[in-house]
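The two complexes that follow have subunit A in common; it is paired with subunit B in the first and with subunit C in the second.
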Partner chain A sequence: MSGKISDEVLKSRRKVLAGGVAMLGAPWVARFANAQAAVDIGPYQAAKVNWRQAEGEKLTVAVIPAGYFDALINEAPTFQALTGVEVRFEKVPPGQIRQKAILDLSSKTGTYATHAADPMYYDLYASNKWCDPIDGMLGDARLTDAAWFRNDDIIPAWRGANTVAGKPYGVPFDGETTVQIYRKDLYAAKGLKPAETLDDLVKNSAAIHDPNNRVWGGAMRGFAGAGQNMYIYPSIFRAFGGDWFKSGQLVLNSPEGVAALEWYVNLLTKYSPPAVRNWNWPDLADAFSQGTLGLYVDSNTSASVLNNPEKSKVIGKIGYARWPRGPSGKRVTSIWNWGFPVNAALSEKAKRATWLFITWATSAETQARTSFRSKGIKRLGINRLPQLRSQEFAAMVKDYGDNYLQATTESMANDADVQWRPRMPQWPAVGETMATAIQAALVGQKKPKEALDEAQGRVAQILKG
Partner chain B sequence: MSCAIRGGERRFALALFLPALLLLVITTALPLIYLVWTSFLRIDLSMPWLGGFAGLDNYQKLGNDPRFWNSLGLTLIYTGTTVVLQVVLGLSLALLVMQVKRGQAMLRIAAILPIVLAPVVAGLFWRSLVLAPDFGILDFITRWLGLGSYNWLGEPRLALASVIAIHTWQWTPFAFLVLLASLAALPPDIYEAARLDRANAWQRFWHITLPMLRPAIVIVVILRMVTALSAFAAIFAATGGGPGSATEILNLYAYRLSFTELSVGYGAAVATVLLAVTLAVAFLLFSFRRKK
Partner chain C sequence: MKARNLVLLAIAVLMMLVWTFPVLWGLVTSLKTEKDVLAYPPSVIFEPTLRNYADVFRGSQSIVPNLISSVIVSGLTTLLTMILAIPAAYALSRLDLPFRKGAGFYVLATQMLPPVGLVIPYFLILRRIGWTDTYQGLVLVYLTFALPFAIWLLVSYFEEIPREMEEAALLDRAGRWRALWHVILPQAKGGIAVTVIFVFLNSWNEFLFAVVLGGNNVRPVTVAMFNFISLEQTQWARLAAAAMAGMAPVIILGLMAQKHIVKGLTVGAVKGGGRR
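And now, the complex of A and B:
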């Protein structure tokens, strides 16, 4: 008897174990069943393409950890049910995603089928042939149903930003534009209107600046980086009438450039909290949410943070306006989108799978499902103008503050400038050099002219053949 | 016969030693050789059409690059200051703790804590909890003392002082532990003799303790110098080399060049210069140690 267990005991033990496993597994099974039930692939089947042509492929997609990509990840089961292609998302912080993508692309390992790409990097990708131009896939009826996908609906400035020498390299998934964000209660108390010119902006900042009561008058991104301070400065530079290229040569230290940098340094030194020199957009949004900033210029998509009832103290007090005009008379906003390119190192079948993923993610249906039709995260950076102008989108943003929708759509339609930043394969080096120069001027390490002269010398050295 | 045994033993010793040597060659020597080779190439990922053998071009470019000279200067300031501070503070603490009769073990354990932290964690900890304006502990203390609020990582000079403080905070315990162990091993009879000769505390320190600790101090200086020259993670996490280029030591500059600006060949040249500086400093210190 000892050491031997009877069959009955074994059976009953198995039953108990099986029951336990079933109990533990029940919530997962239920959740999976729910997820399966919630997947509705009907609207996608209206497209006249064979969604299952790359069935069985496995893709890895690099994205940044952000709510708008979480919204896409939440929808991914629909794509898998639709195509039979398995997608794994890898979240890489924005500071590292460019480097990781470049390491993957340059070593041709094909790790990331596609990734959230910075539009300023397409020149680099194209010159190295790291990514395929997508015009072929866009025009191939076996891969894209043009009438269903409606590529022309995607915001033209964003498509333009993802185009190199007339060929598109990435499809915009999510983007933004920069606008003035101000406290309308503080403005009303002083009888101010949103700035029409850069001079007005400084005057408004001075009028509401009250650091003794912890309200600073005006701020912009001060943190050094091609996507931080060099994301804001180009708008000022262009509004001052600056041109990045003269006779085909890159010029960083033009008189307009120096004047623009002096304006930026003056505003941030006089009317921003001292810590602004290390602030990126989340820090600015946090400060504004806490009521310590009266005005700043940044992404329209910050509105979701500024209107988060758990964190924000300024809900109902926010107004938006387009960038003010500079001395040149121009208003210049940023052009930004996270787009999806196709890695050239993939097999043909994997490229088709990747393209199906990209068209699925950027289609009007998925854009709506991750925005105004979402039950969870509602993205603001929708990629299509008709949807941005839709009543559903307007209903979603109606409480975000005064003039939100108008400032956003007018900025995108009128203030986007293709020459906003110098587009060239050497952008990573140029952007980084400028970012360091701008911050050196901001912290007083160098005078604006001196900082830009040094940047010019450095870039000339880099570009020397 | 004995020769044969010796030969057999030598082969056996070699067989034991070879795997480790191979591993070291593969993981350390080959990458270093590749680094030096890369420094003679032009590899600009943003301008692939210019790639190829560049000879000494990358090194010639260094001469006209103000950011390189700034980085080299900062590296020397950073290394010199952190090493001196670590030795002075470590020795002072060790002398102090030698007087503590009870709880020495606890103090030693406490001293190990900063060392076992990953430098990137140390950098982030200082950046967000100690040095952040308005919220940091240091800012709280300076405001409480009526000295006002400072932008520790935003002002160029304060930022350099801050990264020096972070490194010193993390690595002084190493100097402290080594010097404490050496102090404990000093023979008490010499001190007794000195006391009989009426040597005062300062004379005992200057003429007995310091000379006898010299070998330990030299080894601490060598080890700390090499670590300080190769510092990266804590500064990267705390300031990223900024503001501007105020804390951009050679390692950070090489990183920015290679991975942000994509000038891999030029970045390799900067890293090779750092390697040469480190080797030269280590060689000088070791020869100084041997001479005495």
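And now, the complex of A and C:
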């Protein structure tokens, strides 16, 4: 009902505005009307919610500097026209956004209504009650038109990653999955197929490894960090059959853990450029785009960089495949998404405004507008499987390389594992401890077993508090 | 003798290269396209482009507002620091105060605190008084580390100046303030220039407090440069152009004050250096 009232009010406003322009003919009015007309709020008005219920609120949203958030920022005038809520974005470097968010949440200052949240931080947020569970808002017909929002269309694993003890805490806005990215010309020359198992991956790497001609056989992120080497190692660990928790205790130095780390160290030591120990995903993408790598495993969203004609020398030579199976028979990919939680320190009205912003940003309409329907930046990491499988999305990525769409969607649908990384409130410290141990093994300071034993000891201290 | 000079010159050039090479590499990178930046072996001959500078100074990625932010924050910090530090340093170097030694140590001790330990209290205080993401907030925080540093530095310069000169002024019925203004400050020009440069440089290059306590309104260039290291890719050429633009004001300031800095840095090395 309230939605209908809102529609009528808006329609009558537009009529008044158009009539005013016709009568006055003043250039400034015409300019204003054009600016209003450029913002199309029609598709959002199909939702049976009162979009203007928090009119007049002002929100600050922390995001990171990235094209996909720029695409959202470009669309923000639509949200403001739709809701009357003013939203300002603050770009915080990725290394600092977590700390800044924690500072804001823990001090209950309510600076950021919502922020681009790392899914591994929801346990911390939930255990401290810094963010509200969103199931109430999702189920409240005054705030969410379930039939219009279609929450179930959002990639289940991403939703799962943002859920703590059965309660969702953030809605995924943008995400990715990790896949094999290989040079199909080099593979064809050697008669290779994309690896089906981790052993195959090593064999493929060995076959195309030719450092004398500046082609290294295989690489993955080696840089120390929870979002770097500890972003890749967990996929190998789970594919080796590792379980993070045994009888409720975090176990890092299990036989599967040691075997996984030995595999990781072996690949990077034998078939990667020596500098890979300090490489992060942009470095890998740069190296692959220059023809220096024959294969690497990383984010599917790197495709836009690999196919950037300003940089890349390998356009038309790229193929994609899902993660290979490990000894356990499982393929395990990463579950990454930047989601939007609701800051618990906000007033009730500000929470409603924040929720409207979140549903607007993560809705199918905004996802399309910031991706395949965008005239500017076209996001790859949209949050809904039906849209990822749409013809419009397929048309957008058709030149990204062989099997791009299939590898990506199958990976997201089948290979994502909610227990990919150990989910716990102490994750920030545990993740960094693990990352340090992995790098110690990668650079040869310690044997994998020794590094993990040491990490186990440190983590035990962290968990003791 | 000639051979010795040549050896010294060669050593000086080598030492200079350690500093200049990264800067020159950055300058060259800023004039390349992304493709040329990533080329292997690194291309020495390439078609230079100013496109990166155009992107850095215009359009959606412009860092001009951030350069202005940095100038305001660093300029105000330097100005306020010098206004407060000069009399404080003068008092510590000249007056026979009972707590002089203790105060000197306290000033130095504040420099020993790791900045990361102060971020949370500063954030909470500024948030409470509504000064996060404001110039006054960031300048106030910068003063907390700039002021002790400046006092500590200036005291050593003031102590180099012979007391007899000041005593002559006092005998001529000049007050403490006049003696400071007309006798001490002209003698300590070099030291003041060095202090100004260091305070400005430290404020200009500061990142930790700027990223946590700043925001959309106050966003110094050190934070804004991170926009070129996005999650998707590092825009090396634009990052280099932004770095060059970020360095320029400090280099210009350094060149302007070069004469005084050389004097300031050599004070005390030769007897009576303070008077030169």
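Quick note on the criterion: the second predicted complex is superposed on the first by the 427 of 465 C-alpha atoms of A that agree within 3 Å, B and C clash if a C-alpha of one lies under 4 Å from a C-alpha of the other, contacts with A are read in each partner's own complex, and residues count from 1 in each chain.
Just so it is clear, a residue touches a chain if its C-beta (ideal position, glycine included) is under 8 Å from a C-beta of that chain, and two chains touch if they have at least 3 such contacts.
Bear in mind that the values here come from a model prediction, so they are computed numbers and not experimental data.
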Touching partner for A:Ser347 - first (subunit B), second (subunit C), both, neither: neither
Have a look at where A:Arg458 lands relative to subunit B and subunit C in the superposition and call it first, second, both or neither. first
Touching partner for A:Gln45 - first (subunit B), second (subunit C), both, neither: neither
In the overlay, answer first, second, both or neither for which of subunit B and subunit C A:Thr111 touches. second
Can A:Gly444 be said to touch subunit B (first), subunit C (second), both, or neither? first
Have a look at where A:Gln99 lands relative to subunit B and subunit C in the superposition and call it first, second, both or neither. both
Which partner does A:Gln80 reach: the first (subunit B), the second (subunit C), both, or neither? neither
Taking the stated contact definition, name every residue in subunit A that is touched by subunit B in one complex and by subunit C in the other, in rising order. 99
Taking the complex as given, what residues does subunit A use to touch subunit C? 60, 64-68, 70, 88-94, 96, 99-100, 103, 107, 109, 111, 214, 282-283, 285-286, 289-290, 292, 301-302, 304-305, 310-311
Complex contact set, residues of subunit A against subunit B: 99, 102, 106, 124, 127-128, 224, 273-275, 277-278, 425-429, 432-433, 436-437, 439-440, 442-446, 451, 454, 457-458, 461-463, 465
Using the touch definition from the top, list the residues of subunit C that touch subunit A in their complex. 33-35, 38-40, 60, 119-120, 123-124, 127, 132, 211-212, 215-216, 223, 226-227, 229-234
Note: in the complex, subunit B contacts subunit A through residues 44-50, 61, 64-67, 132-134, 149, 151, 153-156, 240, 242-246, 256, 259-263
